[in-house]
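In the two complexes below, chain A is the common chain; its partner is chain B in one and chain C in the other.
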Partner chain A sequence: MSQDAEEKAPSIRAVRLSKWYGRVTALQDVSLHLEPGVWGLLGPNGSGKTTFLRLVAGQMRPSLGDVRVCGLRPFGNVDALRRIGLCPEADAMYDDLSALEFVTSMAELSGYSRKESRERAEAALDAFGLKKAMERRVGGYSRGMRQRAKLAQAVVHEPDVLLLDEPLTGTDPTSRAVILEQLAKRAAAGAVVLFSTHVLHEVEALTDRVLLIARGQVVAQGRVHEIRDLLEEHPHHVQVVVDRPRELATAVLGEPGVLGVRFPAAHTVEFETREPDRTYAAIAKKAVEGKFHITSLTSPDATLEALFHYLVERSGRMAGTGADAASGSATPYTGQNLAAPGKATAGAKTSSKEARR
Partner chain B sequence: MSAPAVPSFGHSVVTTARLQLKRFSRGKKLWLAVIALALVVAGVVTARYLGTDVDAEQAGKSVTSGLRAGFMGLLVYLLPFLMASGVIAEEVEGRTLSFLVARPVSRWALGAGKYLASIALAVPLLAIGILVVHLACFATFPSALVDQLPSTLRVMGACSLLACCYAAFCMLWGAVAVEAAGIVATLHLAVIEFGISLVPGPFRCISMNYIASQLAGFEKGGLWPDSTPDVPVLAAGITLGAVTLIFFGLSLLAVATSEFRFSKA
Partner chain C sequence: MSVRDLGYRAYEGPRLPASHNTWVMIRHSLRRAWASWLVKLPIFFCLGTTIVLGIWYFAATVFAAQSGSGETFDAAPLVRNLVTAQMWLFLPFITLGAGAGAIAQDAVHRAFQFYFAKPVTPIQYLIGRVSAVAFFSSLVLLIPGILLILITVSYGAPTDEVRLERAGYLLPLLLSTVVLSVVMASVSVGLSSLAKSRALTMSSWILLLVVPHVIAGAISLIAETDWVFFASMPGLLDVVVDALFKSTRDPEAHLEWWHAAPVLAALTGGSLYLAHWRLTRAEVIT
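After this line comes the complex of A and B, so read on.
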């Protein structure tokens, strides 16, 4: 492929992209290259996902660095914007219009004639399961229906790059299935589909390629199973409310994977473990054998958020020691060392795990 | 994937204006404007017929003062304010602007379309109101109905130009002071446009309302009217047009370059 054709092909490229609002850094030194397919942008609330999507959608200018969509800078660039479809996160729509009027108007703004816009709008709404409700005002829609109408306007002009900010928020299982099916179709047709979420299983339903973003930095890029490995490596905490916490601690402490124990409250014991599944099983076994009376068994940090903190802290530590140049965003990606799509760049431990495989 | 070609500027302006007009037609602002217009028209016509033994000349004076107070003094502020101050600000506040700026439409066209929609409602409403007042007030004097028409059309033209000018003011404040668009636009219209239109001396020429009053052929009012310079009709028209274009251009510039509240989470 020639360089020109390569630049015009559906893609998102960011090089040392940064954005700050006053003194707040929303995005810092993000470099990546996304090719056609579905990409999950994972991160906790406030991590910079929306900022990244807005920069790619041309709604804001970068404070530093560069972002290109299909080889073009998107801010105020109609040539780039015509190839982008955006579904914003906010549950805001023109409530006085019907879904058909709304999507038709968006299609007209994309350059279609009125007649063609209407036909395309009907088709898009039908694809998202809103055929019967398309004449109703959006203000009377449920959250899931509104989400589907927003998605319909995002795809009505068949964009090459589809940016979806939390597209599954508020959707029921049926809506979710419809949305996922449509996104998969778009990706199969050659589009770059980038969607943000903070729920790992939402990503798994659609793709195994993810970007992990935290504190404005891409801390990992890779496949979902590699993220799962990281979750496994990440020390978990298992909190048990029990009648005899010290006796239970003594019984469980010798089990494989258990790293430590502490007593945050009178009847509570908290285990730190690298193998949460085995630890849960061991606690259950000891509880039966020792006739412990367990009131609750919880894991306060078995979430992506905890993993993000872990990755950020670890990448920071490694940057400090120079242990791993490719670790998360400790060393920002550049045009030269961009990770190939799908290749994990989350840190030394993932690499060593791959080596073990 | 087959995204269409980038739409032309004209297509973008017309489509944006049509969408905005559709939204106006479903919202409360249009109704508010119509109600205000109906009340003012009813007030002017009632005042005209309250006098007894009125001749055509007195009727003409009554109509002139009614148009001056009701239209030039009230509706010409209210209608552009209702239509234009929120066209950008409300999209930003309501977070719906994302949908528009994500389209391959130049932001200049987006601003122009919204301005066009604002004046496409404000100006005809004013014109219709003035025409209704004319017809209703001179209904009992068929000759005056014709004789007075040129002066009524002159008032209509002045009010229309002024409405375009005020719409540009309001849209500019809506684009640059999104969160306080209504307050800033109100202050501008109240202090600079209304307040200064009453002060003595040449300062009064700062107010476009005074310039439009001169264009409409109204007698000078306010404090020490004789201390205020007369503005020739042509100069008044050019001034109004130029100020409108400047503020309209500035509002488009604000729309084209601003990140609005996309910079907020």
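After this line comes the complex of A and C, so read on.
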């Protein structure tokens, strides 16, 4: 692929991107590069997710830094805006319009003729399961149907970059299934799908590629398990429900990597370990040798939830200490040092670990 | 892998230029405005004034013919009064329904994110909103006015000269329509950008129309001066419309169209600037 074609390929690229409103910093020094696929933008309320999406959608001008969509600066750029589809979080549809009228209007604004816009609107609404209801007024729609209509307007012009702000909020299982299917399909077809959420299982339903954002900074980027691998200091927890927890604890405590043990419930023992694989193996071995009766063996931090909280806390601890390297933006973007898709970064730790390697 | 590889419908046709979005926004805004009963009702009833004034014209003409005075009925004040009547009876409703709450409603629903995620500029958005109000305002001024002129031309005009003179009222009618529609549409839409509460912006618009005019009227009666109408937008519009129809005015009147026109121009420009500023600074587009 030529350099020109590569630059114009579906992508989102941010270089030291910052945005502040007066004295409030909404986004700080974010550098990243997203290629086709589904990306989850994960962070608590007020973390800067929507600001980042709006910057990428060309609705705001960066205070500092640069953002490119398909190689183009999005703000006020017609060519870029036609390649972007945005589904805002706000439930901002006119109740007296039908979904077809609304989506047709949005298609027309993307540069299609009225006839073409209507055909596209029908196809988009059909794809999101609203074929029978498209002539009905949006005011009579359920929350899930409204969400699907919003998504239909975002994809009606077949954008290369799809930005979705909390797309699954308030959706019923049917709507959720339709939405997830459509997003996955578009990502597989070569689009960049970036969706924000603060509900972790929504991310896991679609992708394991995430950007974790907290306090306006990207605290990690990459695949969940890779991020975990990089975070050596992040202790893993293995919880075992067993008939004789204290005896099992005594047997396993001496194994390499096991840092500590606690007993959260009567028949439960929780190990803290730096080497979860070895610890799992040791527990299994000791269980057989000691004839322990194990009811369950789980890792409370196996989900994204634990990782997210850990990273946010870590970011908080390091904020204001001159350790801004805790963010994913610690190393300026150079084109080489930024994580490629699927390659996780997690701030200072990433840099030091890469250096050791 | 490209977007087309998995069966997406490739669009081979041309895309219309971004400037086309101005027309799309106008059409969209017209549909939005038409959804309001405050717009529909004045459109349906705006011919009522023409009927009343038409009957009055017939009666006056018949009376003049029977009295045998031989004087030709002066139809100019009739058309001029129709404009004033429409301005007070119907324009407030149209500007209220389509203009004074337009931006506030979009702000409440955060609808800007949909528009401005497309290649739509705040100016195009504003043109759409103002045009819709101006269009419906024009309808309630122009259609009854033209009908009334047609009545006066086709009935009771003794000579071709008089018919031609009455047909000539079309020009001041057209100019009055443009002035009234643009000013009232711009100011009402500008006002709607000031707050997110639709109720607040709509009630402010009614207060802005009525209260200064009533106060100015009261003061002018007591102090016998018309300068106070500087504070009244309808008062200023009246002065301009009077000038367009070359109406006979009170010889004591001081306020002339060249006083009123710059104020109205400033009001219109200021309102549009304010709305644009609010859209770009207070909302998402920064």
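Brief remarks follow.
Here is the rule we use: the second predicted complex is superposed on the first by the 236 of 357 C-alpha atoms of A that agree within 3 Å, B and C clash if a C-alpha of one lies under 4 Å from a C-alpha of the other, contacts with A are read in each partner's own complex, and residues count from 1 in each chain.
Heads up, the rule we're going with is that contacts are C-beta pairs under 8 Å (C-beta built on N, C-alpha and C of every residue); 3 or more make two chains touch, one makes a residue touch a chain.
The model shown is predicted, which means the values in this text are computed figures rather than measured ones.
With chain A as the common reference, chain B cannot sit beside chain C without a clash. Of the two partner chains, chain C is the only one that A:Ala123 touches; chain B does not reach it. Of the two partner chains, both chain B and chain C are touched by A:Ile84. Of the two partner chains placed by the overlay, neither chain B nor chain C lies in contact with A:Leu17.
In the superposition on chain A, contact is made by A:Gly46 with chain B only, not with chain C. When the two complexes are overlaid on their common chain A, residue A:Lys185 makes contact with chain C while staying clear of chain B. Judged by the touch definition given at the top, the superposed model places A:Glu108 against both chain B and chain C. Residues common to the contacts of chain A with chain B and with chain C across the two structures: 10, 54, 57-61, 76, 78, 81-82, 84-86, 88, 90, 92-94, 96-97, 101, 105-106, 108-112, 153, 158, 160, 189-191.
Put simply, chain B touches chain A in their complex at residues 1-7, 11-12, 15-16, 18-19, 22-23, 26-27, 94-96, 98-107, 256, 259, 262-265.
Residues 10, 36, 54, 57-61, 76, 78, 81-82, 84-86, 88, 90-94, 96-97, 101, 105-106, 108-113, 116, 123, 153-154, 158, 160, 185-186, 188-191 of chain A are the ones touching chain C in the complex. Residues 1-6, 8-9, 11, 13, 15-18, 20-21, 24-25, 28, 31-32, 35, 106, 109-111, 113-121, 284-286 of chain C are the ones that touch chain A when the two sit in their complex. Interface of chain A with chain B (complex): residues 10, 21, 26, 46, 50-51, 54, 57-61, 76, 78-79, 81-86, 88, 90, 92-94, 96-97, 101, 105-106, 108-112, 153, 157-160, 189-191.
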